[in-house]
Each structure stands twice: as structure tokens, then as C-alpha cells.
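Letters are used for the chains, namely A, B, C, D, E, F and G, taken in the order the chains are written, and counting of residues starts over at 1 for each.
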Amino acid sequence: MIIETVKDKLRGLFPTAAKPAVAEHEAEKPEAAEAEIGVFDCNYAKRGYHLDVRLSPEQLLTAVGILFDHGFFIESITGVDWIKDGQLEATYDFCRYDFDLCRIVVRTRTPRANPILPTITGIYSGASWHERETHDFFGIVFEGHPHLIPLLLPEDADFHPLLKDFKA
Amino acid sequence: MPLLTLYDQLTVYLVIAALLFGMGVYGLITRRTLIGMLIAAELLLAGASINFMAFNRFTAPDPALGQIFTLFIMAIAAAEAAIGLSIVVAFYRHLKSIETADAAHLKG
Amino acid sequence: MSLTLINVLAAVIIAIAFVAANAAYLVWAERKGAGFIQRRPGPTENGPWGLLQPPVDGIKLMTKQLLIPGGVDKIIFVIAPVLAMFPSIVSFVTIPFSDTIVAHNINIGLLMIFVFGSMSAMAILMGGWSSRNKYSMISSVRAVSQAVAYEIPMLITAITVVMIAGSLDLMEIVHKQSGGFWHWNIWPFQKGLFNILMPASFLIFFICSLAETNRAPFDLGEAESELVAGYHTEYSSMGFGLFFMGEYANIVIGACLTTILFLGGWDCPFGLFPGVWWFIVKIYILIFTFIWIRWTFPRTTIYSLLNLSWKVLIPISLFNLLLTAGLLKVF
Amino acid sequence: MFRYFNDIFSGLWSLFIGLGITFQEFFKPKITIHYPHQSIKMTARYRGHIELIPGEEGQPLCVVCGMCEKACPSNCISIGGEKPEGSKKKVLTSYRLDFTTCSLCGSCVDSCNFGAIRFSKEYNLASTRKEDFHFDLLKRLEESKQ
Amino acid sequence: MGTENIPASLIHFASADKLINLGRANSLWPLTFGIACCAIEMMATGCARFDLARFGAEVFRPSPRQSDVMIVAGTVNKKMAPGIKTLYDQMPEPKWVIALGNCAISGGPFVFEGQYNIIEGADKFLPVDIYIPGCPPRPEALIEGIIELEYKITGWRRWPKVVAE
Amino acid sequence: MSEPIVLQPDETFILNVGPQHPATHGVLRVKMTMDGEYIYNAETVIGYIHRMHEKMAENRTYPQYLPNLSRLDYLSAMAYCHGYVLAVEKAAAVEVPERAEYIRAITVEMNRISSHLVWFGAFVMDLGGFSPLMYAFDDREQILDLLEAVTGSRLTYCYFRFGGLYNDVDDDFIEGTRRFVKRMRKSLKMYHKLVTTNVILMKRLMGIGPVSAEMCQRYGATGPVARGSGINYDVRRNEPYSVYPEFDFDIPVYNEGDSYARYKVRMEEMEQSLRIIEQGLDKLPDGPINPEKKPKTIKLPPGDYYTAVEAGRGSFGIRIVSNGDKSPYRLKLRSPTYSNMHLFDEACRGMLIADALAFMGSLDLVIPEMDR
Amino acid sequence: MMKTLFSADGLVGLLFLFNLIVTVVGGIVACNAERLVRAVIGLVVCFVGVAGIYFFLNSPFIAMMHILIYIGAVAVAISFAIMLAAPEEKMRTGPTSPLSGPIGLISTLLLISGLVSLALKTEWTSVTKINDGSVKTIGIQLLTNHSMVFELISIVLLLAILGALVIARGGREE
């Protein structure tokens, strides 16, 4: 099963995790747990994905590299503005083409004041537009992106409409 | 009215041929680009052809000699245009220029 | 000499009227035909069967503002549509509609039509270049390379027919085919000349006249979905109208020429009506085929077009030329 | 050599087949509806703009509960009602629909528990002024009564 | 808008003017220009079932230079508006604008508190002649709009008014 | 046909295709750097119809957001609504009666056919053939008539509700659909004769716009674009939802990766959809179409939820992040064309402009869905 | 004068004058226009005039061939080359040095005056026999008396095609 393989591989990213990196994780968990780092199993029937990978930004490229090697394709990149925590979350969705179904969500958080994340365009060229869009909407700067200009908003737009404190 | 019967006089044709020829020469001298010179050369050839045609019409005993020569000139002109233009294009690809001054250093 | 010139002038005036009326109503026929092929009625509301549509369009086009966009080469921009219309009008002068109905028959009529046909390429080039629009530019380059590529097989097939008739005179060519249906040049068995490639020749000529007139599937010059409106993108009002009418006038000429060269001109297969009616029936059948083809096929691309011309049409037409020459020598 | 001719002939053949098909279409009946002369009847569920359903005496059935106003995603309904002296129920005084922002989703009709509104069958609106589409449904109801 | 600012209307003879207007009204060539959902209904109107060709209006010209009427079919946003304005400016006089669908009339369902990207109606920057509401309008409504535009140009309505029951 | 051409970057000029251009089907701009008629580089500029769908979600309750979904991709609106209602139903644990599920599947498939028909017509029109558009729209009108009779609108159906449907289908619909399936089979045969086997079309599409499977993976292409490149991926099969496991249908896959493969995938998909519709009509159970007790207000438990469905153009994903409120905290729409179009920049390099536009047509773009 | 002007002959004479003007104006544009494309248009106009002159010289066949070859082929090819080769800023051409214009003009005028005076001074012996411009005569002559010309034309054209191909392709390859 691809889930097991990928889980093992990804677990390697968290060698010094104090808590067990792979934990049963259900929707009912309190919101404070959202900030944890690790690889979590998810209830597919309810959540719609199998693995929930929470990383720090430095681990992102390695993890995405592992997913690329296992034949995952990129579905989307998006952000969520956790204004209460003062953090922006970038969410990467990956899925596979074959019948060995595995949907993986990779998330990473970055401080709201200075949101910088590494780009994954070097691995998935298709991430380019998704990252530009996330930059448009949330102002997350993807370091190393070759062409980080507004995509959906007008060329001269300097606002980030999907931030929770945005006012038109 | 002599002005309206000009078409029946040999000298008129010779004069217009001379004019065209002169324009061709002028173009060849003043033009700076290969294509411009090519255009001037076409004028030159047209002047010459008119001469042939006019002499054929008014003085030559042969019914078609001048016309055949004109046809020959046309073929030459077409060939010249083909070769000349291909040179222009090749030249441009080399030097990004169609000016004759740049053609002096032939090595590109 | 002098009388000829006056005749020609008079004929040109008649031809202008004829061409304009014909072109306008061909547009109507095209729209109507397209409608019928697509299970809809086409123009119906303006006049009976929409017959008033062409004049209405004409009024609109003429009263529309003539825009000359900034940055265009004004002189050339204005001359080009006129130059597109003019050669087709002049070509009409020499086309014989029957034994008697011909504006002015000259003994090199076929050559003359080709001469003026080649001028329309120049008009397209001028129009496209002067517009200062990249789409127009690409389109005019396309249209001209297409026209040049198709003139060759067209001329070669025409020469084949000229060899059979032994004359460049259009009247003479028709006379050679007289004597009923089976004597037309399209059939392989006529007057001791068993050239089985004649139908192919006809097809080649027909394809070439489609391409010459920039009609679908060879309408690369004004490929709507690629180059907006091609070489007349920047033309508004009557400038566009002239290009438009020039195209339809060219269609009529193409149909006339095909009829004369291959379908026996005004020669009647059964002899029911006078010849000129047969001529008109024939050219309108051909024009209908033009329309029919346009609304059936997708457009080709420039390379498959050039491939077709250089790899298929030119070899076959050359072979046919050689074959015909040989057969003429033998029989 | 064989392929060369085969390509030519199969290509030509496919073209002739295509021509044949369009030629058949030429004689098929036209399917056009000549709109201003003929028109099709809208189906029972056709969603035009909403209108008030008249009660038995022609009065609106609306009780001014405001559910439709709340349900509307694009705030195109604004209703006003007042409580006349001595009656328990509110009476509708104005029912305004800004049709130009409506998305015809049907949330208002869904949300109405009193069956007071329905979709009209008006399908061919066009005007030179956009104010024509700010409907006063109550007024329309009264007009339709006459 | 239409007829007043036409430079070509130098002919002041009433009958000639009428004829010209009649010509203009019955040969409205739209610009091939669809933005969103309503564009599909516009295509459907041009197609066999409804056939805009009956009114001589099926000649969808891809170039603004050759078209008479611009059908704004869909939401206009701030990025697109300058482009539409350019297209409108490129059209030769006389020219008309039809706002097809609620989005083009007023922003439609996309207007909400705090919206940042759309323009609330094409009439904010274009002189719109005809408004056709609906989301999207039925093809009949577009035909009705064309008829209404003809009425606006010529001053008389040639076709009966269809009342929906 | 397309031999490698050595492009010389210093002779290029910029050609702006769009925002208004007949081939872009809407408002999309491709900045092409051209060398003659060859494309040296292309940069797609989108956002000309960005309509803030994701922002709107944060301002609206779950039911109020329903009409937005059908404006997202107006051609296969049903599938998008389906994705949204599935996502909410899954998260809020709403039961859906079986009849409703069947009707949903039938209408979604009909909508898929109508979407493909529009694509077919517009694509052939891009290639210069006009009549197929008319025939395709004629067939499409039949579908629209059927769907209009059920849902009340022609294009932007707002038909699905959480837990069920807006209203039930009647016998007329079932009869009409059966008639339509028969008619459509005939029409498809006609299309194949008129268009698919046409030599001009084959010459224009074969070998044009090759997209490899590896490229699909890098860009996340789904739907017919991926299936034309030999990837057997269809959400209806890989990740079955609704009642699709009950149906017997094939996923057409072609390995060539060119425009013609994508063309054939879509044409065959129409046939498969017809099969699904037939089976759905046969199996359509009786019963209610709405659950017995409809939840009054919909609130999702906190957390995030992802649902994917197979829309007309590929896998449509919807991610809802909820904080337990009446409206979503964040709603992300993963639209298939967004990824599919992104391919274009890389794939069209070195192509002729005519081929590039044919390739663009074969991607089946709906711009509002891309820009959201 | 009025009488002749409105007779058929007069009209022909007028047409001839018009023709001459067209030729000269076209020629002047062709050798003087600042933009190369204008020069090509001038060349086309000039050649239409030249074809007219051939027509007046009683050889319509040559006139037709002239238009066919020069306008249909040569002018189109030149405009093609301009579009292919000359970028926008190079479309304008001027004299090489400030002196070349006047010098060219003077030498040209000298040349023209010399040629014209030669033409005017010489007594041309006229033959009564008029030339024959029909296709038939030209064809027969080309294939009998002057077959060498025919052969030469074909060889020249063949070489030109081959040469043009070699040169143009050679530029592309590297």
C-alpha cells in the first residue's frame, strides 16, 4: 500500500519528535492540536483525505520531493488565514493517478507578519500558478519563485483579499 | 494635335525609356540598402525593355525579335530578383542588416 | 485599336455593376446556404426570403464611419481595398457568357484573367502590411504564400487545357468542347484524346480556385479563430466591404473559369434553353459547391496546405501536362 | 508510392462523406422557432423572476415573515409590512425585487413556508432602462388583478 | 446614444435618414465577445434553434472595426474593463452596447459587501443602450433585446410583442 | 510535420492573443513571443473574469453559496453543485435518499454531455468548421429542454439541495431522456462521419500538442487531458462517490497524448455518459427525493474537508475549512482547467500559432472556472 | 483640337499620356520613396504603366507577361523580402552620404539628357511593316529562330531557383 510507504518515508522527516509522529487524529480534536507537527492518519470517509502532514517550512521541499518520487500529482495549493494564532497556513493537496488511492494534505505555517515559504516550483512546475494565486490572496511570499506577480488580481494590485482583516 | 498622337512616335518611347533608365541609375547611386538597389535595377531593366519593344515596333524588320528579347530580360529580372532576395535574406540573417555598407566585410 | 479601348471602357462599367450586384447577392446566397445546411432559415425577416438583406447591409456599411486607425500607412491602407476589387472587375471584361454575350473577347483572355488574379495577392499584402497589426501582417504573409503556391498547379492545369484547345482564347476553348456533354474537358474521352487524368485535372483546378479565392477550407488569410479577421482586421465600413466583395467577385471568376475550361462553357447538354442560361446554371452550381464546402470542412493549416500543393497537386498536374502533350502528339 | 496514393484517396473519400452528410442536412426540416411570430410555452417549473401568488380575493398571501429576504444570497428582496390596528398579522405594504442582482436560485421560494411567492413565466425582458427591472411585486399583483 | 453623434449623418433629408436608420437597424453585426455564462446563451441564440440570422444579425465579426453592436455578456471585472473600453473605442460609429445578463447590468449576484474586483454594471463605463436581465437570460430575451434596439434606432417596432403568460 | 525548428530569439515579436480573441472562448490572454508563425515562448495571463467566489463563500451561509457553484463552470454546472453538496453532506453527515442520488447522477451525466457538445462545437469552430457547432447545439438544446423542464433554468441550474433535490423528475423527463439517448447515439455516429474521420481534422490534430504523462503529473492535469495522455484517472472510478459504483461504464484512455487523443476521449466519454444515463433510468428507485427531516441550518463541525468529483473538465476539488460557523471559514475550489491550462505555456513552445490554438481548444477551457 | 480630343483617337491619345504620367510618377516614387514598401508600391504603379506602354506598342502578350511576372511575382517577392528582412526602423532609407544625392541627381540628369538628345537627334529609318504581337508568332519564333533564347531562359531560371534555395537555406542552417 502506498499509504504505508509514504507514511514511513515522511516519518523519517521527524526524527526527534517528542510525541509519536504518527498519531490517530480525528476531526473532534480540539483546535489547539492543529498546530502540532507530524504525520497524522485521517478518517477518509469524513475528511476526504488519508494523510495529514504538518511540517515546518524547512521540511517542505524534502517532503514534496518524496511525494513527487512516489507519483503524486499536485492538486492545489491554498492558504488559510488563522488570524487568531497570527499565522498563515499553506495547504498543499496531493493525489495519485492510479487506483492505489492516496490523498495527502501537506500543511505548513508561517507567521502572519512576515510570511515566507520556499517555492516548490522546482519540483512541480504546475505549482507556479497555485503559488502565485496564494501570493495574490494571502501575501505569502514564495522564495525562489521565478515569476511572482499577481495572477488573478490586476497587475498593480497590492491588496490580499482573502486575509480576514481585508476591507475593500 | 501632336500631343494626342504621341503614341505613334518612336522618340516618345525612347525618351520614356531614357527616363526610366535614368531613375534606375539614380536609385542605384543613392540607395543604401540592397532591396532598394534591387528595385532600382528593375527600373533599369524596364527602361531597356521599352527600348527593345519600341525598336521592334517601329524599325526592326523582324516581327518578334524585340519582344523575345524583352521576354528574355523578364526572365533575367525574375532570376535576378530571386537570387538577390535570397542573398538579402541570408545576408540579413548573418548581419541583421540590409545595408550595403555592412556587406563590405564579407566574412560576417 | 481605338475602338477596342472604348469598348473595354464601356465593358468595365458594365462589369462593375454586374460584379457588385453579383457579389452582394452571393453574400445573401452564402448566408442562406449556410442556414440551410445548418437546419435554420438564414435571413428571412428583411424582405421576402431575406432578399433585402444585401441592400440593407450595403446601406449600413456605406454610412458607417470610415476609421483609419492611427499608425497605419495611410496611402497604402486606402489603396489596398480598391486594388482588391479592381482586378476582379477587369477580369469580367473578357469572360464570355455565350457566343455573343461577351464584353470584349481578346485572344489572350485566359492569360489576362491570370494576370489580374495575381494582382489580388498584392492587394492583400498591401492591406495586411499597411494595417500595422501583427495579425494582419501574419495573415497577409500567409495569404500571399498560399496564392503563390497555388498559382503554379492552377497555371499548369490551365496550360493542359490550352494545349488541347490550341488557343488562349476563352471562346476558342469553349468552341473546342462543343458538341454535347461527353465532349467537355472534364471527361477523359473526347475527340481522340483519351486522357484519363482529366477529371483529376478538374479537381486540381477546382481546389486551386478555392485556394486562390481564400475560401474555406483554405481561408488561412482570414482565419477567424486564429488571426481575428486576418488582413482586413483594421478595415471598417466600405474598406472592409470592398475586400468582402472582392472575395465574392473572385469566387464568380473562379467558377466562370472552371466552367469555361472544364465544363464546356455555355455548351448545353440537352439544348433546352439558350446557351447563356446553361452557363449561368453551371457557374451557380459551382458557386453552390463553394458554399457547401465552406460550411462543411474545418480549416487546414499553412503547412498542410503547402504540402498539398507541392507534394500532390503540382506533381499530378505536371504529370498530366506531360501525358496530354504526349497523347496530343500520338493521336 | 502506394501509401502516397492511398493517403490521397482515403482523404478525398472522407471529404466526400462529409459533403454527403451536409447535403443531407440541406433537406432536413428547419428547427428554428421564429420567435416574435411563434413562441414556446415555458415549462411549469420555469424560473423567471419571482411574483406574489394572489389569494382568493387577490390579496397577497405573504405574512411578512422575512424568510425570503434572509435566504436570498444577493439581497435583492426588500419587503415592508405594517401591523394595522386591531389585527394580529402584519400586512404587506411593499415587496420590492431588484431583478438585476437576482441569480434565480430559488432560495426565496424554497424558504417561503406560506406559499406566497412563485416564479413567473416572464422570459423575454429587455428594456432601455435598467430601472425597469426593479419590480414592485405588490403593484404588479394589483395590476394583474384588473 | 446611437444616432445623435454620428459624423456620417450629414444628409439631413428625413427620408434618407429613415432609410439609413432602417439599414443600420436591420444589419446589426455583433462583436464576437463573450465573457461568461451569458456568452453561451448568446452562442445558443446564434445557433439553429433561435437563429439570429433571421434579423440579419448573425454575422459575428471578430474584429471590433467591423461590428456595430457590442454584447457585453458577463461579469466585467476591474482587470477586464480597460480592455472592453478599448474595444468599444475601436468600434466605428454608429455603435451600440447591449448589456446581457444581470452581471452586465449591475454586477448581478456577485455584488456583496466588501467586493474587491468586479464593476457593478457595464453602464459604469460604457453607454449601454439595451439591458436584458436574467441569469442568464433565455435566447428569446436576447432576440427581444435586438428587436428593442431596432426599435430604438428606427422608432418603430416591426414585430409583434410577445407577452409571456 | 513539426520538425524541430531552431528558433532565433532575437527576431521575435510579441503577439497578444486576447483578452478578446475568438479562440480564447472568453477572456484569457496569452502573451506569445513569436518567431514568424512559430511560438518561441508563451505566457498565459488570467484573471480577467476573477469573480471572488472564494471570498463570497466566507460571507454567505452554506445554502446561500449554492448558486455560485453553477456560475463557476456554467457548462457542467451540475457536477460542480454535486461536488459542493457532497462535500457539505459528508461533513455534516446528512443522509441522501437513493432516488435523489440516482437523479443527481443522471442529470450530472446529461450535463456532461451538453458540456462536451459545446466543447465539440466550439472546438471544431476553432478549427474553422462551422456547421458542427450548429448540430451540436441542436442536440444540446434537447438536453436543455429536458433539464429546464425539471430544474427551471437552462444553464445555471441550482437544482441540488443539501440532502436532496429541488424537485422530483416526472415521467415526461424519463421518456424524453430515453428518446434523447437514442437520438444522441445517432448524432454521435454522424459526428464521427462528418468530423472525426475528416482528413483535414486528422491532419490538424494528430501529433499536435503532445502532453506526456510526466507533464500531467507535474502540472496536475486531470480529466480528458490526462486521459488523453495515457493516465487512467477518473474520480468516478478512482475515488467512487455517490452511486457511481453501481454503474457499468468504461473510462476511455488514449496513449498518444496529442489533441486527437483528447478529442477522442471526450467523444467516447459522451457515449459512456449515455450508458450511465440509460442504466440510471433503468435502476431509478422510487421514494422520496429529500431526507425526512431536513436540517434547518447547516453547520459543519470544525476541521477541514476535501471532496473531489469528476466534472466535465477533470477533477473538481472542494476544500472547506470550517470553524463551526454557519458559513465556511475558508473555501477553496480546485478547478481542473486551472491546472490543465497551465500546461499550455510549456507545451506550446515551438508550435505554429494555428496548432497552438487548436491545442488550446483541445484543452476545453472555461475561463470563469479557471479564474474563479 | 476639341474635335480630335473627343474622337476615339483623341481618347486613346489621352490614355497614352495618362499612361506616361503613371509610369514616370511610379518610377519617381520607386527610386525616391523613403520607405521601402512605398518604393515597391511605386514600382508596381510604374510597371502597370510600362505594361500599358507595351500594349500601345501593339504587343498585348508581352504586356500581360510583364504584369504577371513583375507584379504577380517580383514585386510580391520583394515585399516578402522586406517583411522578412527589414525590421521597422530599417524600412526608411536615405542617401549614403550627404553628397551622394546631388551627385547622383546630376549624373542622372546628364545621362538622361544625353540619351534623350541622342534619341531626338537621330533620324530613325522607319519600316512600314508593323510588328506582330500575337502569341502565335512569338511562340513560333521562340521555338524556331530564337530557340537559343528559350533554352537560355530555362537554364537561367533553373539556376536561379537552385541558387536562391542554396543561399537562403544556407543562411537558415547555421
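We take it that a residue touches a chain if its C-beta (ideal position, glycine included) is under 8 Å from a C-beta of that chain, and two chains touch if they have at least 3 such contacts.
Just so it is clear, the structure is predicted and the values come from calculations on it, not from any experiment.
S.K.: Among the other chains, which touch subunit C and subunit E together?
M.R.: D, F
S.K.: Centre to centre, using CA atoms, which chain is the farthest one from subunit E?
M.R.: Chain B.
S.K.: For which pair of chains is the number of C-beta contacts greatest?
M.R.: Greatest count of contact pairs is found between chains B-G.
S.K.: In angstrom, rounded to a whole number, how far apart do the mean CA points of subunit C and subunit F lie?
M.R.: 43
S.K.: Based only on mean CA positions, could you tell me how far subunit B sits from subunit D in angstrom?
M.R.: Centres of subunit B and subunit D (C-alpha means) sit 73 Å apart.
S.K.: Give, as an integer number of Å, the spacing between the C-alpha centres of subunit E and subunit D.
M.R.: Computed from C-alpha means, the inter-chain centre distance equals 20 Å.
S.K.: Subunit A to subunit C: how many Å between their CA centres?
M.R.: The mean C-alpha positions of subunit A and subunit C differ by 63 Å.
S.K.: In subunit B, what residues contact two or more other chains?
M.R.: None at all.
S.K.: Note the residues in subunit G that touch 2 or more other chains, in rising order.
M.R.: In subunit G, the residues touching two or more other chains are 9, 12, 58, 61, 65, 73, 80.
S.K.: When you check subunit F against every other chain, which residues touch at least two of them?
M.R.: 21-22, 47, 50, 52, 55, 60, 67-68, 71, 131, 134-135, 138, 156, 194-195, 198, 200
S.K.: Under the definition above, what is the set of subunit A residues touching subunit E in their complex?
M.R.: The touching residues are 153-155, 159, 161, 166-168.
S.K.: Looking at the complex, which residues from subunit E come into contact with subunit F?
M.R.: 31-37, 39-41, 43-44, 47-49, 62, 64, 74-75, 77, 79-80, 83-84, 87, 109-110, 112-118, 135-136, 138
S.K.: In their complex, what parts of subunit F are in touch with subunit A?
M.R.: 46-47, 50, 52, 54-55, 58, 87, 90-91, 216-222, 226, 231-233, 237-239, 301-308, 315, 317, 319, 321, 323, 329-330, 332, 334, 338-339, 342-343, 346, 371-372
S.K.: Which bits of subunit E are touching subunit C when the two form their complex?
M.R.: Within the complex, subunit E touches subunit C at residues 6-9, 19-20, 22-24, 26-27, 32, 47-48, 51, 53-56, 58-59, 61-63, 65-66, 68, 90, 92-94, 158-159.
S.K.: Show which residues of subunit F lie in contact with subunit D when the two form their complex.
M.R.: 60, 63-68, 71, 131, 135, 138, 148-153, 156, 158, 161, 166-167, 190, 193-195, 197-200
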